[in-house]
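Presented sequentially are two complexes of chain A, the first with chain B as partner and the second with chain C.
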Partner chain A sequence: MRDARGDMRRPVGLRLWLSGGWLTLLVAGAIFAPWIAPKDPLMQDLFLGRLPPFWESGTEPGFWLGTDSLGRDVLSRMLYGARLALVVALVAGTLTCIIGAALGLIAGYYRGWPDRIISRFVDIWMAFPPVLFAILLIAVLGPGLWSIIIAIVVIDWTRFARVIRAEAMTQGAMDYVASAQVAGRKRFGTMLTEILPNVLPTIVVLLTLEMGIAVIVEAILSFVNLSISTDSPTWGGMIAEGRTSVHQAWWVLVFPLIALFLTVLSFSQLGEGLKDRFDPVLR
Partner chain B sequence: MRLLTTVITLFGVAVIVFVVIRVVPGNPIAMMLPPGATDADIARLQAQYGFDKSIFDQFLIWLSGVLQGDFGTSISLRQPVSRLVLNRLPATLELSIMALLMAVLMGGALALFGTRFRDGKTEGVVDVTAGMALSIPDFLWGLVLILLFGVLWPVFHISGRISPALNVDFTTNFYLFEAIARLRFDVMADLAAHMFMPALALAIPLAAIISQLLKQSLKETMHLDYVTLARTKGYGENHVITREALPNAILPTLTLVGVQFTFLIGGTVIIERLFSYEGLGNMAIDAVINRDLPLIQGIVILFALLFTIVNLAVDMLYVVLNPRLRHA
Partner chain C sequence: MNGFLSIRNLTVRLKNGSPILRSVSLDVAAGQVHGLVGESGAGKSMIGKAVLGTLPRALSVTGGEIWLDGTNLMSLSPTERRRRIGATAALIPQDPLTALNPSKRIGPQITRRLVDILGWSRQDAQDRALELLGEVHIPDPARVMRNYPHELSGGMRQRILIASAFAAEPRLIIADEPTTALDVTVQKQILRLIADMQTRHGTALLFVTHDLGVVSKVCDTLSVLYAGKVVEDARMHRFFMRPIHPYSAALLAATPTYTDPTGSLTPVSQAVIDGVEAEVAQHDARRAQ
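Here is the complex of A and B:
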């Protein structure tokens, strides 16, 4: 059995600080966007089109990171875009995690026919390339926020199910589980009170990584205009706009790209860092 | 046996694709007609595309067509799906193969380098580089490359497959292979300048995976007796790594490259879009935006077929390269 207290004594590594710090900043920016955004993210002003960021000449006060071709403030749009990115990360990540982990737990702990059914589904799912799956699902569901979330959950639940099943199997074979059974605990109760706490570190790691995947999937789909409606600010939408005008106004592409880059990197580094901390072999 | 499971997988994909597509809410026929169309017009067009029959009949008609190479007619482009798809396939294949070559070269070099200078600072640098490269997806690498080689130091083309000004008449759609075969170096250079960035973006994450796994297997192999024997024979470290350890260490990497290559082909969908590269993936996104069901079906089936062929090829290559299986 793992000693959870042991985790806390190890010094927190630099990469956990950096990635955690960026994500905290991002969450704060997204939550307080209506109060801290300098401008209305949807306000257009063609006279203020393609203003450069503040350190270059020819700027207007208040437009810190410049404007796009329609004169919309880049910084404000990024802050509002962070809201959508984080909502998708949170909702899609959590739903995928709950469904995948629950099925993995049941398959790994109960074994027998539930395991056979769930494992068979996992095998079929893994044989189907994720990109094709995504194309099909979005084609069927139509563009939109919920389509993205559903597509992520439907495609990625196997990630959790596979790993948690293996972990639950290892835990289920241990003595402490047998003792709980001898002590008269119900199987379902044992699963929740004995197995679940012990696979929780793995679940947290997978969830963190999944959130990074969700952010990038949302960005890609809004980049190709298959996300929510075009006027709502999204990082992917901003990147698409910046991509077409990259020679005239690099800042429209660069700033949302930096935000997306740091966010994806932070989620993956946070996940990897947590994995190292939780791993008893490395401790 | 292997072939039979392949056929069953493909059939499964066909069934899933067909059924999923038929659940689509919204009538694709209605979107093709102008707003003033009468019910009779709609019925006539539905009959033309076979939408008036039962789902099972539609599937049988569609499947027998697919087996004869007839994927139906694209709703948005009004051309046979098979022709559209086959015209675009060579572009995607060239891009994928180019990306695979780059990934193998970069990943292999990184792994050999890390093994040669193992247990030192250099290996740490290699590990961190691979780790970073891996945690950033190809889409983001593509954007970074556009900024680097398209804007800051504009040496490569950021969109398209070939400069229209070149005006070359190709007999096939394999532009690059044909240019190589016809020794048209100017055309080759132009194609490469277009292909370089999308291929590199696809290659970077795969290169990272290859380097990590190959380095690990190399390090394990380096402890084996026959490697020690080669050292006592007086061979240098470079010879020992490339001639003795590599042939043995390469097999696990090969299996992984097969699986990862199918992911790379999947990645072309978004990368082709990003670089306005006229391939199958770019067409797939247009098909989804236009909800062009016959075209989506055709593209998905073709991708599935491609993945299956890659997996089969890797299995066969494994047998060829594995000395234990070669004589079995």
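Here is the complex of A and C:
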């Protein structure tokens, strides 16, 4: 009667390798930016304006991905921009996750009045247009790193609350939760030991998704010039600047756009890959 | 009180007031097996859930008493009640697929009860769990303790749930259709296992099922439930020889017998249903006055 089901193990998939690889590269680039960036990201030189990337003619050595209209090195600015993008992704993503998941878990497991209060709050919250809400918040708080993070947490915790609430409700109706209660376990303890481990895979997926979203929101905010001070390089700021000269120097716009695209995609793929690995039922 | 578990006039209603259980009374004597039979929707499972305090939130107990080992559970505070139930009763659930936490290994799920309820050390609980898994005929218990639920078959999981129900030596076990979700080939083994464990441990057992064939094999006494009302309460032998209530008789006639495969199946006739429905209506009318 030996059961073979326990012997299955899934290999690490290609998408986990690719997305993990890109994010590792990005983290390394962000951490070591001061040492590996070929130029000072803020140094302007109008004689070196709009240099094309290295494979085209008319380049200067050292400016691998060309320069913008003020002669600043695109690659160096992207590396420094990655620092802000990743800090925002990690801090805002994690805070959003903790607040949203905790409220969702309580609403979905306890039901009754906690659920009614939290759910109505989420409904009302979601009726605000998110980007306008964020812009308004930053206008009030003033630009700065913490303002961006707070804005992201404030507009996005509802996503977690909604999904985790639904998951907690499904898990809460399972017999094993009833069994834990029959065994005399307290309600709060049951929530932490029985429900939380089973919604964790979903939380991980949402968290990585949220990190991708945080990167995008930060880019949007810097695109409309509401991010941190204007002289620090950000991907969104670069895209905004590159937009005005896209016909003369496409690389100023395209490279940060590619970095943004790959990062957001990697975060979501990483989440899916991790879910496959950590969900005991799918594994 | 004449039972280890004594339910007196238990009424359970939906939040909107419609009755689910209509003054149910029944007794489960210490060390005996009491069957609870009825068609689906009759409220069989709700009796078990009311006793264990795991009723769905749309339902609530609106009247009656539940005496467990001489204490009326309804008079206790929720915390006190939970502690009392945890120490004296356990559940063998209907669906083995959802009754084990999918994200935890089997071992801790069994030992947790022993540590929680009896205050045993982790090592003692571990040894006892191994012994119990052996008792329910699980091969290689040490390996199974390290498995996750999804790595085991339904029959194995039901054995584990049986082992875990008996783990803390409860004096009452409520088995809620323990064989319904299983393959027919496994049902018989599981049934025999529950009966064996019950005899060996001397536990009182409330056995909820819709299958009279199953009842005849394991129970000492039984109650027949229709629309949340007990229509007949009987000792096993008498019930199968001479059922008193027409609905019970019709139910018996509707049970297929394996010894007589050519015999026709008689559905419960409309007249019988009308009769028992009238009784229920009468009961409701009396209550309303």
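Quick note on the criterion: the second predicted complex is superposed on the first by the 251 of 283 C-alpha atoms of A that agree within 3 Å, B and C clash if a C-alpha of one lies under 4 Å from a C-alpha of the other, contacts with A are read in each partner's own complex, and residues count from 1 in each chain.
In this text, contacts are C-beta pairs under 8 Å (C-beta built on N, C-alpha and C of every residue); 3 or more make two chains touch, one makes a residue touch a chain.
In this text the structure is predicted, and so the values were computed from the model without any measurement.
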Does chain B (first) or chain C (second) touch A:111, or do both, or does neither?
second
Looking at A:142, would you say it contacts chain B, chain C, both, or neither? Reply first, second, both or neither.
first
With both complexes overlaid on chain A, does A:183 touch chain B (first), chain C (second), both or neither?
second
Based on the superposed arrangement, let me know which partner A:197 touches: chain B (first), chain C (second), both, or neither?
second
Identify the partner contact of A:250: answer first if only chain B is touched, second if only chain C is, both if each is, neither if none is.
first
Which of chain B and chain C A:261 touches, first, second, both or neither:
first
Determine, for the superposed model, which of the two partners chain B and chain C contacts more residues of chain A.
B
Chain B/chain C common contact set on chain A:
none
Can you check the complex and tell me which residues of chain B touch chain A?
9, 12-13, 16-17, 20-21, 23-26, 131-132, 135-137, 139-140, 143-144, 146-147, 150-151, 158, 262-263, 266-267, 269-270, 273-274, 284-285, 287-289, 291, 293, 296, 299-300, 303-304, 307
Quick one: which bits of chain A touch chain B in the complex? Just the residue numbers, please.
124, 127-132, 135-140, 142-143, 212, 216, 219-220, 223-226, 239, 243, 246-247, 250, 253-254, 257, 260-261, 264-265, 268-269, 272
Interface with chain A, chain C side, in the complex: residues 52-54, 57, 82-83, 85-87, 89-91, 93-95, 98-104, 109, 112-113, 116-117, 139-140, 147-148, 150-153, 156, 168
Where on chain A does chain C make contact in their complex?
1-3, 5-6, 111-112, 174-176, 178-186, 194, 197-198, 200, 280-281
